[in-house]
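Dropping the structure in here first, questions after.
So that you can tell them apart, the chains are marked A, B, C, D and E in the order they are listed, and the count of residues begins at 1 in each.
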Amino acid sequence: MIDTPTLVFGPVLPELFLVAFAIVGLLYEAVAKRSDRLVHLLIAMSGLAMAAASSIILWNWSGDATVLGGTVNADRFAVVGRLLVIAIAAFGVLYGKHYLERSEPQPRGEFFPLVLFATSGMTLIVASADLIVTFLALEILSLSLYVLTGITGRRASNEAAVKYFLLGAASSAFFLYGVAMAYGATNTTYITAMARALSGTTGNQAIALLAMAFLVVGFAFKVSAVPFHMWTPDVYQGAPTPVTAYMSTSTKAAAFLALIRVFDVALQPLTWDWTPVIWVLAALSIVVGSVLAIAQTDVKRMLAYSSIAQAGFILTGLTSANSVGISAAMFYLVAYAAMTLGAFGVVMLVSARGEEQTSLSSYTGLFRRSPLLAGLMTVFLLSLAGIPPTAGFIAKVGVFSAASSAGYWPLVLIGTLASVAAAFFYLRVVVLMVMREPEGSHDEDPSLMPRVALVVLAGATILLGVLPGLITGLLRDASVLRW
Amino acid sequence: MSAHLLSLTIFLPLVGLVILLLGRGLSNDTARWIALSTALATFVVSMIVLGRFDSSLAAYQMVERASWIPSIGLQYLVGVDGISLWMVLLSTFLFPVAILASWKVDKDVRLYLGAMLALETAVLGTFLTLDLLLFFLFFEAILVPMYLLIGGWGGDRRIYAAVKFFLYTMAGSAFLLVATLFLAAQAGSSLGHVTFDIRDLQAVAHGLPVATTRWLFLAFFVAFAVKVPIFPLHTWLPDAHTEAPTAGSVLLAGILLKVGAYGLIRFNLALFPDAAKYFATFVSILAVIGIIYGAVVALIQTDLKRLVAYSSVSHLGFVVLGIFAFTEQALTGGVLQMVNHGLATGALFLLVGMMYERTHTRDLGKMGGLAGVMPWLMGAFLFAVFAAAGLPGLNSFVGEFLVIVGTFAVSPWFGSLAALAVILAAIYLLWSYQRMAQGPVREEHRYLPDVSLREVAVLVPVLSLLLVFGVYPKVLTDRIDPSAKAVVVHVDPQGQPTQVGLVQAQESPP
Amino acid sequence: MPLDNLVFWVFAPVSVASAIAMLTRRNAVHAALFLIVNFFTIAVMYLLLDAPFLFAVQIIVYAGAIMVLFLFVIMLLGVDRNEARGERLFGMRTMAGILAAGFVLEMFFALRAGIGFATRAPAGFEKVNAPANTQALAKVLFTRYFFPFEVTSVLLIIAAIAAMVLANRKARAITQAELDAHENAQARSAAAPSEALAP
Amino acid sequence: MRTPIAYFLLLSGILFALGTMGVLIRKNALLIFMSVELQLNAVNLALVAFSRLHGNLNGQVLAFFSMVVAAAEVVVGLAIIVSVYRRSQSVNVDDARSLRW
Amino acid sequence: MVTSLAAELAPVGNGRALGVLPLLWLVPALPLAAATVNLFLGRRLGRFAGWLAVGAMTGSFAIAVLMVRQLASFGGDERLYVQHLFDWIQVGSFNVDASVRLDALSATMILVVTGIGLLIHIYSMGYMHGDPRYGRFFAYMNLFVFFMLMLVLGANFLILYLGWEGVGLCSYLLIGFWFEKTDNANAAKKAFVTTRIGDTAMLIGIAMIVMKFGTLNFEVVFGTANATLSKGAATTIALLLFAGAVGKSAQVPLHVWLPDAMAGPTPVSALIHAATMVTAGVYLVLRTHVLFEVSGAALVVVTVIGLITMLYAATCALGQDDLKRVLAYSTVSQLGYMFIAAGLRAYALALFMLVAHAFYKGLMFLAAGSVMHGMHEETDMKQMGGLLRRMPLTGATFLIGAISLAAVPPFTGFFAKDAILEVANHTGHQWVYVLGTVGAVISAAYMGRLVFLTLFGRPRTQAAEHAHESPPVMTVPLILLAVGAFALGFVVEQSPEGAFSRWVESALGAVPRGPLGLPTTVLIAIATVVAVGTLIATWVIYASGRVDWMALRVRLAPLQRLFEHGWYIDDYYATVLVAPGKAASGILAYRFDAGFIDGTVNAVGGSTRRLAAVGRKIQTGYVRTYALALFAGAVGILVYVGLRL
């Protein structure tokens, strides 16, 4: 009668773990009189660890390509995406624990479950095989992030939250419209079925184009590509630093991976239609992000613009619309995650308590006050600027190479020239830190744990710059999307 | 070991760098000795390379290859030929000298020396790599340590100069990267696999449409023209030179500028021979303008370092002129001149630095009569001045002469105009020497000390090479010549005047 | 004129008009009421499109629950006053109008090209809706869309947390220290580093 | 059913556009949010129309999901707006511009 | 390749007994070695530095004499020896080797350089006594000798050029030896730079030779010049080379450095700026005379420049009050005579004039130095007078030199100058002869003025009153030189076809003879009358006491000033060349380079920053603006989609 789908939960185990541990955290927060951040951290970390472990096991998944009624992919792309997001989340909660302990008034312990929830949305979105799941996962991560952005209740935090929320909701509507159009064009919401429909005769080209337009808006908003980027500086600046660190990296990763899946699979037959759009968005993002960052005086805001530019670079890699470009973009995401998490981590430590010292002038003479922080920040900034031997360099070369192979060398030229402008503002921070003497008295946060995390990130940044082969093999395996 | 001699040369400085960065408790002196011995060890290794170099071959030798990042086609590929050989030796020679010359740097010594060693690796990498992308990687990697050296230990406007240096070079290299990737993409479509091996890319570039190669040529050219620097892309140089610390100026003038000229030979000529011929006149005009312009502008400078910087613009013009004459003599002379300029200008900057340590000024108007106060230092200065001015018997002359002769065979006008710079060089160099060393001595300079033993150790190797290479340049030319000839033949396989030869003279008189 | 056509042509203008009214009413409560009207018209459209279940849900959830929540909040915050009249952003309405017109125009062209204004839905939807719309829907929802359905639960949990975390927070005055810190930051960022690199 | 599906879709488009306009021209955060709801409803209309066009229920299910999402979003959104209001005694989004430039 | 070719061409070792010739390299090597030692250890050596230098010179001279004897023992056509030292520059088939070449021309030159150089070194030991940089002085002097020897011995153009620049360097070092005085430093720089202008032209000429011949080897170039060069090419090359000679030999218009160069120590003036270096230009023309002859036109240019310079410098000498400046202008003038001779193809006579001039001008400089030594470095002739009695040896030798220069028979100077005029007259260059004779009158006049103002009459100052004779170390060289200045001509070159001319004929060809003009005896008579008459006239004016020469000087003040300032050519250059050059340099450096080029660069950066400063304002903080951007972006993409439908 009713043919129930066979329930294979293996490929969604990571999500299940994340949600389960998030609920554990919620319960703990509800039960405990005065919740201990360390316990929260441990709960979250174990959730992440379990999720990561179950993801890794999925690398050699031998079951069906899609499970749970064909809504979830069990491919390697999903594995890599999940691992990336989970790793970012681990740093996010680590930062968060530290930040929560030192900020006044103390935000609530729901931070940790929310991060896990957001992470579950992100892991789900990269694994999604059905646009409706993509949409739901997008909402999960968005809603969590809206809350996280406003979690401290500070004025800036609130403002950021409301801006993020209003624009995010509007962009979700666009995205959903895109999903509707895609459904209208192909009579399906399965990503692979869409591709088949569009490459065959059953698809409706014109409606599919509309779908493409709306989906681009939705994704471009999430990855903060110009002109859908405008929330980014305000939100990154206003959100609590660990949240900024977390969302600037993980959202971008998740949204890009989902974008790759949707555009390189579902809309693959429309490649010639959407690559010019991506091209323009990439160019605009690179230029606007790089140029406007020059005028910034707040580090978080500057890094926000930088992330806009970085989004442009990743989009550059996607213009090639093949697995080379995908693996280049994935590498870029990994590198971007490491260096941006690192940079925001330094920002958090320099800010000391809460958000007191995020203006560039706080970095004056940092090298004298804390050589380690200054050194780490230099590594991250140089990597963001794309200077060898850091991961940022290899990443940039990778995406440029992909775009160039596809014949988009004018975009590469725009990118390289904008990199020069970008180098200027990255260097400015280096100048302030290393080449000027400190003025006034600032105290950095002396904590050890975040420093260890930063050293790990810096190590990764350099290691990936020197031996990118460590992960390029994985990424190449993962970048083959079958349909 | 011996199979990886070049790799050893490139990465040996990194060993010192790691020790310096990890050694928190190292005293400044220990750090200095570590850096110096690392640099000296590198020099020794490079001398072994020289010893094993087969001067009868034009091709790359001691090639090492390893796959590195197959996903983007990047491989670790190094090799040496007669042109890069001398660039490498020049570098490994100047680095210990520069380290020794900065013995008195007291601020953040470990970082300073670390930056120097990192710079050495990057520079050696650019000279030895045969992979275009790897070259770009090293090319970019040069920027950071140099930027730190200028910005961290430089003069009053050091930050401006450092940032300018960085951005200028980076802007130029933007074009390089685009062209590189474009070329690799072409390789991907014509060879079936993306590669950056310049030997493969030669073939690929050969198959491209003429217009394309011209654009590619220009892209490469811009990148290297900034680095050389070729007029009118030179304005970063005076600032960078002026503000850099002594060792920074030495390395900048001695080595970094050569990276640009080296790139022109290695890539512009080798990859796009036809485009190179097409643009030869244009580039030569720029070079000649640069030769004269640099000299004329140097005439009026009152800051000693600025003056030397502009003289570099002039001298590097010779190099470029030589490169784009496409005769064996001119190209050999150009390469020779690269070495010579490195040594002579390096020596000048060393001396300016030593003088600055004593007088605390570089303003020529605030000096005078120093030859009486410190005869040895000023004597050395005069020696370097005459080397730079192209006095026969000292090194620069041979290079300049070969360039002039080689160019003359192609274009007497360029050759003649270039020769005019010799007059101007004499004027500004002697004028600066006069204002510094001659005339009445200023009261506050009356009791300045002459050279110390350390400074002698710094100067003697450099100055003696100025003489040795002037008297017996065959050491260099014998090894440069085959490679230079190969390049020239590649550019102009059946060109008429590639050779200044004995065509007429062979008809011996009755 | 068939009945459904008639219904459409009656309710579609009402729908548009109520939406426009929502945009133009300066009083928030009025605007909310117009939105409810709009939701009703949309519910009617669902009925036309053979989706009686959604018709009901639309009225119950949207018009009933969601909009009531809105009105509740409007009242709670006491913001049922008229919206400020002044417009600080120059040309906003014009641009919004132009863009909206462009949007509709593009949609029009795309629909014309993609579906055409003559295409009518195929008959036989009764078979799809058999035995009844709600049962049929449930069948699809719990088989094909089983997993997404489960996923929505996470959304609802998050919504609950959000309400707890954000709204349950004790209102607190801005401390003077926070104001100072903010102003200092502004002053610092205005002063220093962009000039730091000027030649 | 005689009414061409495209009419519904066009109506959906018009409503979506109007909703977007509302986001642009309203200053009250609550009203902006309501405009977003209008957008979502427009989408739902399109989904249901497509569902009818294709002759299956997928679109209706999607619209159903969309409503769930909208409900969750409303909760979060209203919570945020309330939180902001408590802080600054204003729901005018034009007042919230301490983060700029 | 060239080496072997040169070896074939040069009759080296063709069964001849080379004797001492393989030691040729020692001639330059000895001074170089001594220079090196003195340069680094000069201060430690103390007075021994001088002895070392003199020792090296002695050795060098002795070897040179042996060389010349050996060479002279060969038959006329075999008087050539090329010694290959090492390959200097070798690129492809272009090869320049470091080799030295001994033929009659270079043999004569090395004798002059080492011989006169030795005497001047000895003299210097006295003159420089007590100078704090005694050792360094001798180092520079020896270095100079080394380079000068390389110049004259070089077997190809590049070695010649090496020596050429090297002597310029030493000239620079020695003129500026007392660098504490700004004037000296200026003079040194001026000398180097001015000559470098000519040098550069010469370098271009050399480059052109490479282009035409593919080699720089003298043998090949001169051997094939006739076949290889067109007349035009030959003229270009010859004139470029001659430009070098003009600079080095201080001919108009590049003569301005030489009078100023007198700022150096007097032995330097004697050695470098009278006897040797300044004659390098003449040597160059003689060495490359084949090229000049192929051209023909170039020879005319040489003659004309020589004539102009000779007359111009002679007038200038007439207006100087400074003892050394008179001699300097006189040198310029005399060099003009040498070029005239060369221009007339009387190369042997040019060379003889060179030798003769080395003797008498060297002598006069040394004597002038001796005078200064005795008068506390006073050089103004107006402050002297009657020195013959106070410094008899110096005075007498000075007088001999002056008379020789004034070309009174039978002094050496007479034979040198008269032979040239005779050739001019006989080969139909009457205008040269007439102007040459006019020059002779002026020469005698300034010599007379010099002698009578300084040696005769009454001492005009206390210093002159108490002048004292110099030590023997200085006077002995004077005497030896005086012997030469007196007797050399009589001994070796009584006529244009004398023994000297025959000796150098293998290298320079025969002196041209012609059937035209006046008989030789008449010419001799005219010359004698001119010289003696002019001397008597000057005696009347300056020493007889019958004419108030100061009054005369005041009456002719404009003329005197014109002569004294060298016809204001220096000032002319300063206005026309130096000032605009400086201005141009300033404009280029500040307006163009810093202003325009760098300004453009900074403007690019600046405008990016301004763009950023303006652009950030887009981020208004109004969330509705952000939504607008979002919507606009969406519509933009829709429009694009619409276009692709």
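Assume contacts are C-beta pairs under 8 Å (C-beta built on N, C-alpha and C of every residue); 3 or more make two chains touch, one makes a residue touch a chain.
Keep in mind the model is a prediction, meaning the values are calculated, not measured.
For the pair chain A and chain E, chains touching both partners: B, C, D. C-beta contact counts were set side by side for B-E and A-C; B-E has more. Relative to the C-alpha centre of chain D, the farthest chain centre belongs to E.
A summary of chain positions shows that the Cα centroid lying nearest the centre of all protein Cα atoms is that of chain B. Chain B and chain D have Cα centroids lying 64 Å from one another.
Taking each chain's centre as the mean of its C-alpha atoms, chain D lies 96 Å from chain E.
Note: centroid distance chain A to chain B, computed from Cα atoms, is 43 Å. We define each chain's centre as the mean of its Cα atoms; on that basis chain C and chain D are separated by 2 Å.
Counting partner chains per residue, chain A shows two or more touched chains at residues 132, 136, 139, 143, 146-147, 150, 153, 155-156, 161-163, 166, 170, 174, 206, 209-210, 233-234, 295, 424, 428, 431, 436.
Multi-chain contact residues of chain B, defined as those touching 2 or more other chains: 159, 163, 167. With touch defined as above, residues shared between interfaces to two or more other chains in chain E number as follows: 605, 609, 613, 616, 619-625, 627-628, 631-632, 634, 638, 641, 645. Residues 88-89, 92, 95-96, 99, 102-103, 106-107, 109-110, 113, 194, 199 of chain C are the ones touching chain E in the complex. Contacts from chain D toward chain C in the complex involve residues 1-11, 13-22, 24-28, 30-31, 33-35, 37-38, 41, 44-45, 48-49, 51-53, 55-58, 60-61, 63-65, 67-76, 78-83, 85-87, 91-92, 94, 98. Listed in rising order, the residues of chain D touching chain E in the complex are 20, 23-25, 27, 32, 93-94, 96-101.
Chain A meets chain B in the complex at residues 324, 327-328, 331, 382, 386-389, 393-394, 397-398, 400-401, 404-405, 407, 409, 412-413, 416-417, 419-420, 423-424, 427-428, 431, 434-436, 468-469, 472, 475-476. The touching residues of chain B, counted against chain E in their complex, run 164, 167-168, 232, 234-236, 293, 296-297, 299-301, 328-329, 332-333, 369, 371-372, 386, 391-393, 397-398, 401-402, 404-405, 408-409, 412, 415-416, 419-420, 422-423, 426-427, 430-431, 434, 437-441, 471-474, 477-478, 481, 484-485, 499-509.
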